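Think of it as A, B, C, D, E, F, G and H in the order they're written, each chain with its own count starting at 1.
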Amino acid sequence: MKKPIVGIIMGSDSDLPTMQEAALILDEFGVPYEMKITSAHRTPNFMAKYSSSALKRGIKIIIAGAGGAAHLPGMSASHTPLPVIGVPIKTKSLDGLDSLLSIAQMPGGVPVATVAIGGGKNAGLLAIQMLAISDKGLMKKVIEYKKKLEKESLKKNKAVSN
Amino acid sequence: MKKPIVGIIMGSDSDLPTMQEAALILDEFGVPYEMKITSAHRTPNFMAKYSSSALKRGIKIIIAGAGGAAHLPGMSASHTPLPVIGVPIKTKSLDGLDSLLSIAQMPGGVPVATVAIGGGKNAGLLAIQMLAISDKGLMKKVIEYKKKLEKESLKKNKAVSN
Amino acid sequence: MKKPIVGIIMGSDSDLPTMQEAALILDEFGVPYEMKITSAHRTPNFMAKYSSSALKRGIKIIIAGAGGAAHLPGMSASHTPLPVIGVPIKTKSLDGLDSLLSIAQMPGGVPVATVAIGGGKNAGLLAIQMLAISDKGLMKKVIEYKKKLEKESLKKNKAVSN
Amino acid sequence: MKKPIVGIIMGSDSDLPTMQEAALILDEFGVPYEMKITSAHRTPNFMAKYSSSALKRGIKIIIAGAGGAAHLPGMSASHTPLPVIGVPIKTKSLDGLDSLLSIAQMPGGVPVATVAIGGGKNAGLLAIQMLAISDKGLMKKVIEYKKKLEKESLKKNKAVSN
Amino acid sequence: MKKPIVGIIMGSDSDLPTMQEAALILDEFGVPYEMKITSAHRTPNFMAKYSSSALKRGIKIIIAGAGGAAHLPGMSASHTPLPVIGVPIKTKSLDGLDSLLSIAQMPGGVPVATVAIGGGKNAGLLAIQMLAISDKGLMKKVIEYKKKLEKESLKKNKAVSN
Amino acid sequence: MKKPIVGIIMGSDSDLPTMQEAALILDEFGVPYEMKITSAHRTPNFMAKYSSSALKRGIKIIIAGAGGAAHLPGMSASHTPLPVIGVPIKTKSLDGLDSLLSIAQMPGGVPVATVAIGGGKNAGLLAIQMLAISDKGLMKKVIEYKKKLEKESLKKNKAVSN
Amino acid sequence: MKKPIVGIIMGSDSDLPTMQEAALILDEFGVPYEMKITSAHRTPNFMAKYSSSALKRGIKIIIAGAGGAAHLPGMSASHTPLPVIGVPIKTKSLDGLDSLLSIAQMPGGVPVATVAIGGGKNAGLLAIQMLAISDKGLMKKVIEYKKKLEKESLKKNKAVSN
Amino acid sequence: MKKPIVGIIMGSDSDLPTMQEAALILDEFGVPYEMKITSAHRTPNFMAKYSSSALKRGIKIIIAGAGGAAHLPGMSASHTPLPVIGVPIKTKSLDGLDSLLSIAQMPGGVPVATVAIGGGKNAGLLAIQMLAISDKGLMKKVIEYKKKLEKESLKKNKAVSN
């Protein structure tokens, strides 16, 4: 098994259904990853250690999902020079608007690459695109993936044409 | 000078005008405090160290102010068993709604005692009330403070009576 | 049975499921409490009497839950020098955003320690933390509780490790 | 001077500019009123006493203005059988959305007749309309007032006609 | 059967469940009313005629419910000197926030007495309170109603006392 | 002077700066229009008469601007079979979100073609596009207008090219 | 079969239930249309080609539905001089508020005629109204349609009359 | 002068002050870039051509800023396999909430790496971090940059220490 180069982390195992969509994309593109549950609030030291050691351990991108007062993506970003992708998890009370604002509204100096509420799949794709900057083979796959999306969308027209 | 028992922390010196209102209240009640700028995002290690050592150093309550993706109060709370009071700082783009949601919507297990947007003064008062639980002298002062508020409010009626 | 030192109040018995989570935490930490239904709007006199007599009766903290135009926490705070913790109850129409704003946005002079929408459990924990300021045994339990949270969170990694 | 039949109350003297618009309307219609500063939070007992004695003192309608966690209208309504008109005051952080929700979202059993954010003038008019239900002279004035509004609006067409 | 003095109108029969709560209250207080479906958008002329003739026909108060771009309460108010109570109906997409803003944010000169989202019951009570200004018997009933609410709320304490 | 085929109406003369942008566009395209101040709330009869007679008088499109509980566009649409374009005017308290929801969220059967908050210019353009459906000369001008926009935008690149 | 003069496009087949309501209206009025799935994001070239060739192909109006970061209506409008009607599709996380803002808040120069969230039916009607500007037969049908709406609404009064 | 590897694009020259903060960061890190004004709405073909040719021309990352119905980042992402960073520009009416939702809420398959409202600086930093994945020298600079931020923040404590 190959050494992981993407770290998928989430605050709670209830975030797993959303974050597994990121994993599925990485699997599809053949990019090795690791998956951890590390809460900014319940395991702040593990989160800090995981994030600050990620570069050394060969991780190139961190994908972090969290809901509500969603601090995991931003805190992970504060502990690592690696790009961090934040996934706002849909919440029961405010439908994820709280998660979105808690993740996107980062102060100058510490960015988080925020995707849509519940956007696990796009988080995976964004990680692939970042890696593809310096990996021609992967870039080719991204181009093919986009073509496949296009074809599938065009094909759906058969069902609606009147 | 007495040893501080309240720690006032904030993410940036631009939060100072709001947070100094907390300090003024503590001064008024004679409660010693210390004030630090420690950003969850720019100085995560100092923040973690400050928060996790606070109890040992004699701090009893932490008041934390932050704006936007306001992670300082929640992260401080994750590193200390002490009660943490969160002050959502008003922001330029979303007027502090982002700060409020980022601070109040904490997950089960790690509470933050959130006050109003820009509520530095009330953060100071809430700290006093917490301390007054086990300090009769301070409780007496709180009772007097509330009476003073009442009198001042009643007195304003002279100006509006027609 | 020990004399209650925390008062859990709520506007309606429909708030009970949320507020009982606060009670469960107090039970877990061995802190005696009382629970009352007292609506700011339907029983304003009982609410005022309950709140203004709380200190004398040995209550140290009030936890108040309410939804919609949630006035109970703020009104209880106006009648007592004790710290009041406000729990915004999730509502049918606006999902608790109305409750959150009605509780958190208190004016200078009368703070309410607001927790997350539906945050009964965290309200209980915050009360414990406030009491632990002057109770070393309780503080030890808070530290242990946080360690337990940490362990449980770390343990969940076994299920997701690939 | 005639005995007041409308009570205009507000939480703070900073609400005066908005609430004086209600007073101007009452003056215009010749309806006697009184104006008081009584905060639900700073003077809860005065507020309760004022509201619960209003009917006996000859007051027929209460107009209450408040901002933020705006509890004054709802609390006044809880203490009196009289109709209460609530005026959400514009706030610095959330522009009065907090005030609007805190006033309008009252639970079943205790209504508050809520007007627009900053709607002092309409609060005065609504009070007049309520009184006019049983006062033919006043109803005639309301009808004339509406005609005047209509005329003034129509007249403005001269300026824009091209 | 007595001549109706309150008109309950609504934009669509889907609003009936909410508006019938107003009718139930009027029944309980023995106040005769009529109920009409008249849409500001689908039957603007009937709405205008209904509203502008209401005073002459002996109607004293109009209760109007509508959802979404909820124009019925405001338009009814523009056609009558009578007080109009607006009930924001909960909507599928925005949960009634659109209805609340469309009803409450009326311009100076034409007030609508807005109640909570889905607040049919409170609309009925508010109408009763307006009528009670000049009807001592009704005022007595309002006082009794409030006492009943109080008793029922206090009684619920038996279930929660520990 | 040519007979107007577009009617620009607005609730108040304070809406004029926004609505004049629509007029400027119509001038630019040589489409004759009339401009009226007609408030849904202050002049409901003039509004109804204006809207219901518009088709007969040769008007083909109505552009209606209003703010807050913005009922003018929807009410005008209820009185005419003509297409109505709604312009949400920016408001002091809620920045036009109230206007946008009051105009866009129309019920099935009575559409309003809503443009952006403050979008007077786009309302004018949309009217032109509607007319251009059956007017080749006008369609040509729309195509040229879009080309001009494109050129101007491209030209701005000279200033930023580094 | 007649040549289509309205193009109904949508970003995904999951938008079909909403957009078919537009088709049903066009069927009812006898206006020929075509229906396509063309995503601004997955098939940007097909979308651009479809939109920029629409005028030439005899299309007179485009109705475009999309959800979330709903770019289809605005992008279609950028590629065609024809009027574009935008339908904000209700979304899982933010209930369509994101769709509404993404469609309505277009910049000066490129309008989109936005209808309500989920307003497929009104999009169809608005298209009919635009076509009816220059088609007396269609205008007659619109007038009849509005009369039918009126009758149906009035008829519902039988069920509620007490 | 070196060939640009980052493309900074924006919808209008009014976005320049925000986007130039991205350029300043790229300058500071010595990363060559180009800056273009290309509106999704006014120059859709230039936008499409710019985006779809970017990879071939050696561009590795696109930073796109837009406000309101902010379609530029998402449309650019639909035309290129490269990672696209979206900067929501603050708007006059809705303060950038519309921009944020229009950029972040992208559908599955086409991610945009969204930063905070007005977050030009962080967009630049995020681009640097993406490039640093495969550029050790750049990664070292990122680490130094974060250390500098830390030092500057810590230094500010001198001013507040009491």
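Assume a contact is a pair of C-beta atoms (placed from the backbone, for glycine too) under 8 Å apart; a residue touches a chain by one contact, two chains touch by 3 or more.
Only a predicted model underlies this, so the values are computations on that prediction, with no experimental measurement involved.
Engineer: List every chain that touches both chain A and chain D.
Structural biologist: Output, common partners of chain A and chain D: B, C.
Engineer: Going chain by chain, each one touching the next, work out the least steps from chain C to chain E.
Structural biologist: 1
Engineer: When the CA atoms of chain D are placed over those of chain F, what is the turn angle between 0 and 180 degrees, to the nearest 5?
Structural biologist: An angle of 90 degrees brings one copy onto the other.
Engineer: Report which interface contains more C-beta contacts, comparing E-F against B-D.
Structural biologist: Answer to which pair has more contacts is E-F.
Engineer: Need the CA-centroid distance for the pair chain E / chain H, whole Å please.
Structural biologist: It comes to 51 Å between the two C-alpha centres.
Engineer: If you average the CA atoms of chain G and of chain H, how many Å lie between those two points?
Structural biologist: 34
Engineer: Could you list the positions in chain D whose residues touch two or more of the other chains?
Structural biologist: As it turns out, chain D has residues touching two or more other chains at 12, 39, 42, 45, 68-69, 93-95, 97, 104-107, 109-110, 112, 116-117, 146, 149.
Engineer: By the touch definition up top, name every chain pair that qualifies.
Structural biologist: Here the touching pairs of chains are A-B, A-C, A-G, A-H, B-C, B-D, B-H, C-D, C-E, D-E, D-F, E-F, E-G, F-G, F-H, G-H.
Engineer: In the complex, go through chain D and note every residue touching chain C.
Structural biologist: Of all residues in chain D, those touching chain C are 11-12, 39-42, 44-45, 48, 67-71, 74-75, 77-79, 91, 93-94, 97-98, 101-107, 109-110, 112.
Engineer: Would you mind writing out the residues of chain A in touch with chain G in their complex?
Structural biologist: Touch list, chain A to chain G: 90, 95-97, 116-118, 146, 149-150, 152-154, 156-157, 159-162.
Engineer: Name, in rising order, each residue of chain G that touches chain F in their complex.
Structural biologist: Counting only chain G, the residues touching chain F are 55, 60-61, 81-83, 85, 100, 104-117, 119, 121-123, 125-126, 129-135, 139, 142-143, 145-146, 149.
Engineer: Write out the stretch or stretches of chain G touching chain A in their complex.
Structural biologist: 12-13, 16, 23, 33-39, 42-43, 45-46, 68-69, 92-95
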